[in-house]
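You will see chain A twice below: alongside chain B first, and alongside chain C after that.
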Partner chain A sequence: MILRRPLFWLILVLAGLFAWFPQHNNNVALREDLILVAVAIILTTNLNLMIGYTGYVNFGHIVFYGLGGYIGLYLATVRGWHLITAALTAGVVVSLFALLFGLGILRLRGAYFALATIGVLVAVQAFVSNFEPWGRSTGMYVAFDSYAPLGGPKHALWTTYFLIIGVMALSLILSLGIKSSKFGLGLFAIREDEDAAIVLGVNATVFKAIIYSVSAFLPAVAGALMFFKNGMIDPSIAFEYMLSLEGIVMLMLGGQGTVAGSALGAALYERLRSYLLTSPRLSGFHLVIAGALLLLVIRLAPGGLIGWFYRLVPRSREVIE
Partner chain B sequence: MSALLEVRGIGKRFGGLQAVSDVSFNLNEGEILGLIGPNGAGKTTLFNLVNGVFKADKGSITFWGKDITGHSPDQVVHLGLARTHQIVRPLSGMSVLENVIVGACFGRAYQSMRDARATALEVLAKVGMASRAHSSARSLTLAFKKRLEVARALAARPKLLLLDEVLAGLNPTEIAQMIDLVRSIRDSGISVFMIEHVMQAIMNLSDRIVVLNLGRKIAEAPPAEVVQNSDVVEAYLGFPDIVDKLRGAQ
Partner chain C sequence: MSGILASMIDGLLIGSVYGLAAMGLSLIWGVMDVINLTHGSMIALGMFGMYLLFGAIAGNPYVLLLPVLAAGLVLGIMVYWLSVSWVIDRPILMSLLSTFAVNMMVIGIGTAIWSTSPYNVNFSLPGLTVGDYTFTGNHMAAALSALVISGLLELFLYHTRAGKAIRAVSDNRDASELMGISSTRVLMIAFAIGIALAAAAGALVSTLFPFTILSGAGYQLKSFVVTVLAGLGKPLGALAAGVLLGLLEGIVSPFIAVSWIPLIEFGLFVVVLILFPRGIFGRATA
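Showing the complex of A and B:
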């Protein structure tokens, strides 16, 4: 039972704190910081489903987020849908798109799969940059009256924030749920030795396609919410290659394959990144730090922070999943 | 006795190499069928054809009344045909218990996690690995890794078990234990099809033996007859009259 697992309650407490703290003293700056942390956690935990659970490195994970943003924004502003309906539709459409692609590119393994995921990212970006209804390379803006159904712009920003915190909590609970399920066991078996897993009866093709599709859903929903909150979207910010790579750094830093690790790595790295980006002397330096960090983690603590903690306190493995 | 596995005219070519050609045989229910042959005879390829790792170019395979030609390995194991690997393939990052749970979860029984755990513990006790359930699969010795292969396959609750050289690399004590295990598996109602190079063991265990050489079946008979078969002797030792010639030269 998921209710008996400490981490489940910890996730709820964390989400509660995220939601309560900035609102309690109307701290908009803190809200903007936390929203970036929440999005980093959403992207990293879902990326972990592919890399950490299944052993397939996805370099183009950000494509789900950007495509979700585009579909959500288009439905919410051009079509005038309610934000929640638009975001959920974006999630479903992107998941279906991932399922279709997954069945094709998941026949590839190892480096070839990783290359194909970069291909998907580049192809989707090129398509969107030339797609007239989505404003080609100039992108789209949120029409001011799109905020009306949510009670005006100020209220809408808070609503979007709470929704994103909700998606963060769902991402973590989803990871936790899959980890202890039979489906998750099949994924782990594929990660360890795909051919052996197939001989043991795991239908690897179907499992991989499903997890690829599942890992697309919540990032797409988050993309729809986030770009709606930002008020605009264009191909270069929607499909930011670097963010895709930084997601991998976050995952390795925290500890791939673990729920707590992917969240911890995302939160720590995102705070560091924000600090570096806003610091006058170190601005633009964050990718150098990211690269160095990745090298250090791989060299010194391949299990990331959580893996290192497991070695210090082996019993913690049962509590911190 | 009815045939549990019927292989008819099966063939497989890799580029210019005819690995298996036109092999036919039956495996009866409750039987231990041995498969022997010199290195490169196509034994493991034949296993890979039977459990669907390779698709056959020719011929058909029927298991338990169903045509399984062209089925994938995961479909084959769902129908009750499980196997072990010659080169052991433990899921290294997982514990021994988790390895066996995978077998139970996705095998013929397709059990839930809770039932699979019970099955796994029971199977581990049967193969004498209960005390290692929580060890990491990576840390096991070869003998235990081979037993883990057997345990995983058994956890699938198969009707037929393919054993690919489970004795190779084991010491005499370990071999004796494994032989007892194979017998007890058969006694529990699971038919066995096994590749083995340890001759004494396979002669003892098998009800019948199929002999392959260069991809072709050259004999199919009870153990006592197989060792008398001149084609078999030739496949293993070269021309049988060489022995006579050598004797004459003395």
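Showing the complex of A and C:
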């Protein structure tokens, strides 16, 4: 039972703190910092389902987030849907799209799949940049009256913040749930040896397509919420390749394959990134530092921070999954 | 009708540069089973290498290709020791991530130096005018240079001792070590040549189009498409597939907006991988 696992309760406490702190003293700056951390955690934990659990590198994970943002924004502003319905619909549509696509490209093994995911990103970006209803390369803006159903802009920003914290908690719980399920064991088997897994009765193509689709759902919902909050979207910010790549750095830094590791890596890296981007002397160099960090982690500590902690305190494995 | 013909010829010319870029990727992939994700940034460095050299010397860019190639070899050896030597024979995830980390560092440094605004190499050869259409001299010279470099690579791989050693290691590393070939050194040389080819391709592209530090990524994607079209470890196959891709772009470009081309290329990539997992022009070395 998931209720008996300490990490489950830790996740709820964490989400509670995230929700309570900025609202408690109406600290908008803190809220804006935490929202970026929450989005980083959402993206990284879902990426972990592919890389950490299944052993398939997805270089284009951001495509789910961007596409979710586009669909959500389109439904919420052009069609006038309620934000929550729009975000959920975006999640479902992007998941279905991922399922269809996954059944095609997941026939490709290992490195070929990784290359195909770069292609998915480029292709979707090319499509969206040419798609007339979504404003082509200029993108879309949130119409001001779209905030009305949520009680005006100020209130709407807080609502989207709480929703994003909710999505963050769901992402972590989803990862935790999959990890101990039979489905999760099948994914680990694929990661360790795909041929052996197939021989033992794991339907690898279907498993991979399902996890690819599952890993798309919450990032798409988060994208819809986040771009609604930001008030605008365009192809270059929705499908920012670098953000997709930084997700991999976050995951490796924290510890791929673990729930706590992906969240920890995301939070630490996101804070580091914000620091570097705002520091006048280092602002141009955040990619250099990210790259060097990634190189060091895979060379010296392939298990990331959590892997290092496991070696230090072996019994911690049972609590910090 | 003649417009399409002109566009096709132009596509053929540019396609040979794509082929040159892809040969670098294909050589590394085939010999050491490492997918070199620094490829795009090395192409970009080739562009800026040419830009700097041309700015400093203002010589003939096709002569300046030689120092770019030489610098590419040195850079290749550095990248090899930094990110590749210790991931060979480890899970593919490791080599993907380690080369990718170097890619991020190069792009980061490049962005800090040159920002992401476009640059160009201001050089043009007289073109050839046929009827209403002019084929620019730069395109023809770039294609010719790509062909010459490809020919030299082919001669090197099939007619020199070092080249034969590279092919031997590519076929069977254990057996070639038993024959007294130092595979570490061979892998390093192959990697350096792969990077030099990428840099040369970038240098040629810089004489054709404006470029930014991020431009390499598009050519990296094209190189992947070309490599899977050609199958691994066949340099001339990669050249042929590159020309084919250029031709395809030439055929479709009069009809659709340029921004659709990545979508078509990617579609091609997936279809080819699924239908011809061993490439169209040859069998991959398993």
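Keep this in mind: the second predicted complex is superposed on the first by the 321 of 321 C-alpha atoms of A that agree within 3 Å, B and C clash if a C-alpha of one lies under 4 Å from a C-alpha of the other, contacts with A are read in each partner's own complex, and residues count from 1 in each chain.
Going forward, a residue touches a chain if its C-beta (ideal position, glycine included) is under 8 Å from a C-beta of that chain, and two chains touch if they have at least 3 such contacts.
This structure is a prediction, so every number in the text was calculated from the model and none was measured.
**Student:** Since both structures carry chain A, what do chain B and chain C do when superposed there: clash or fit?
**Tutor:** These partners fit in the superposed model.
**Student:** Which of the two partners, first being chain B and second being chain C, lies in contact with A:A196: first, second, both, or neither?
**Tutor:** First partner only, chain B.
**Student:** Once the structures are superposed on A, label A:W308 by its partner contacts, choosing first (chain B), second (chain C), both or neither.
**Tutor:** Neither partner.
**Student:** Tell me which partner A:F131 touches in the superposition: chain B (first), chain C (second), both or neither.
**Tutor:** neither
**Student:** Tell me which partner A:V120 touches in the superposition: chain B (first), chain C (second), both or neither.
**Tutor:** After superposition on chain A, A:V120 lies in contact with chain C alone.
**Student:** Go through the superposed model and pick first if A:F162 touches only chain B, second if only chain C, both, or neither.
**Tutor:** neither
**Student:** Pick one for A:Y141: touches chain B only (first), chain C only (second), both, or neither.
**Tutor:** Neither: A:Y141 stays clear of chain B and chain C.
**Student:** First (chain B), second (chain C), both or neither: which does A:Y241 touch?
**Tutor:** A:Y241: touches chain C, not chain B.
**Student:** May I ask you to decide whether A:G291 touches chain B, chain C, both, or neither, giving the answer as first, second, both or neither?
**Tutor:** second
**Student:** In this superposition, which partner touches a larger number of chain A residues, chain B or chain C?
**Tutor:** Looking at chain B versus chain C, the one contacting more residues of chain A is C.
**Student:** After the superposition, pull out the minimum Cα separation from chain B to chain C in whole angstrom, please.
**Tutor:** For chain B and chain C in the superposition, the minimum C-alpha gap reads 12 Å.
**Student:** Can you check the complex and tell me which residues of chain A touch chain C?
**Tutor:** Contacts found on chain A: 51, 55, 57, 104-105, 107-108, 110-112, 114-116, 118-120, 122-123, 125-127, 129-130, 137, 241-242, 245, 248-249, 252, 284-292, 294-295, 298-299, 302.
**Student:** Could you pull out which chain B residues touch chain A in their complex?
**Tutor:** Against chain A, chain B makes touches at 51, 53, 72-74, 77-78, 83, 85, 89-94, 98, 101-103, 105-108, 110, 112-113, 116, 152, 156.
**Student:** Using the touch definition up top, name the residues of chain A that touch chain B in the complex.
**Tutor:** Going through chain A, the ones touching chain B are 180-182, 185-186, 188-189, 191-193, 195-204.
**Student:** Tell me, which parts of chain C touch chain A in their complex?
**Tutor:** Within the complex, chain C touches chain A at residues 35, 82-83, 86, 91-94, 96-98, 100-109, 111-112, 217, 221, 224, 228, 257, 259-263, 265-267, 269-270, 273-274.
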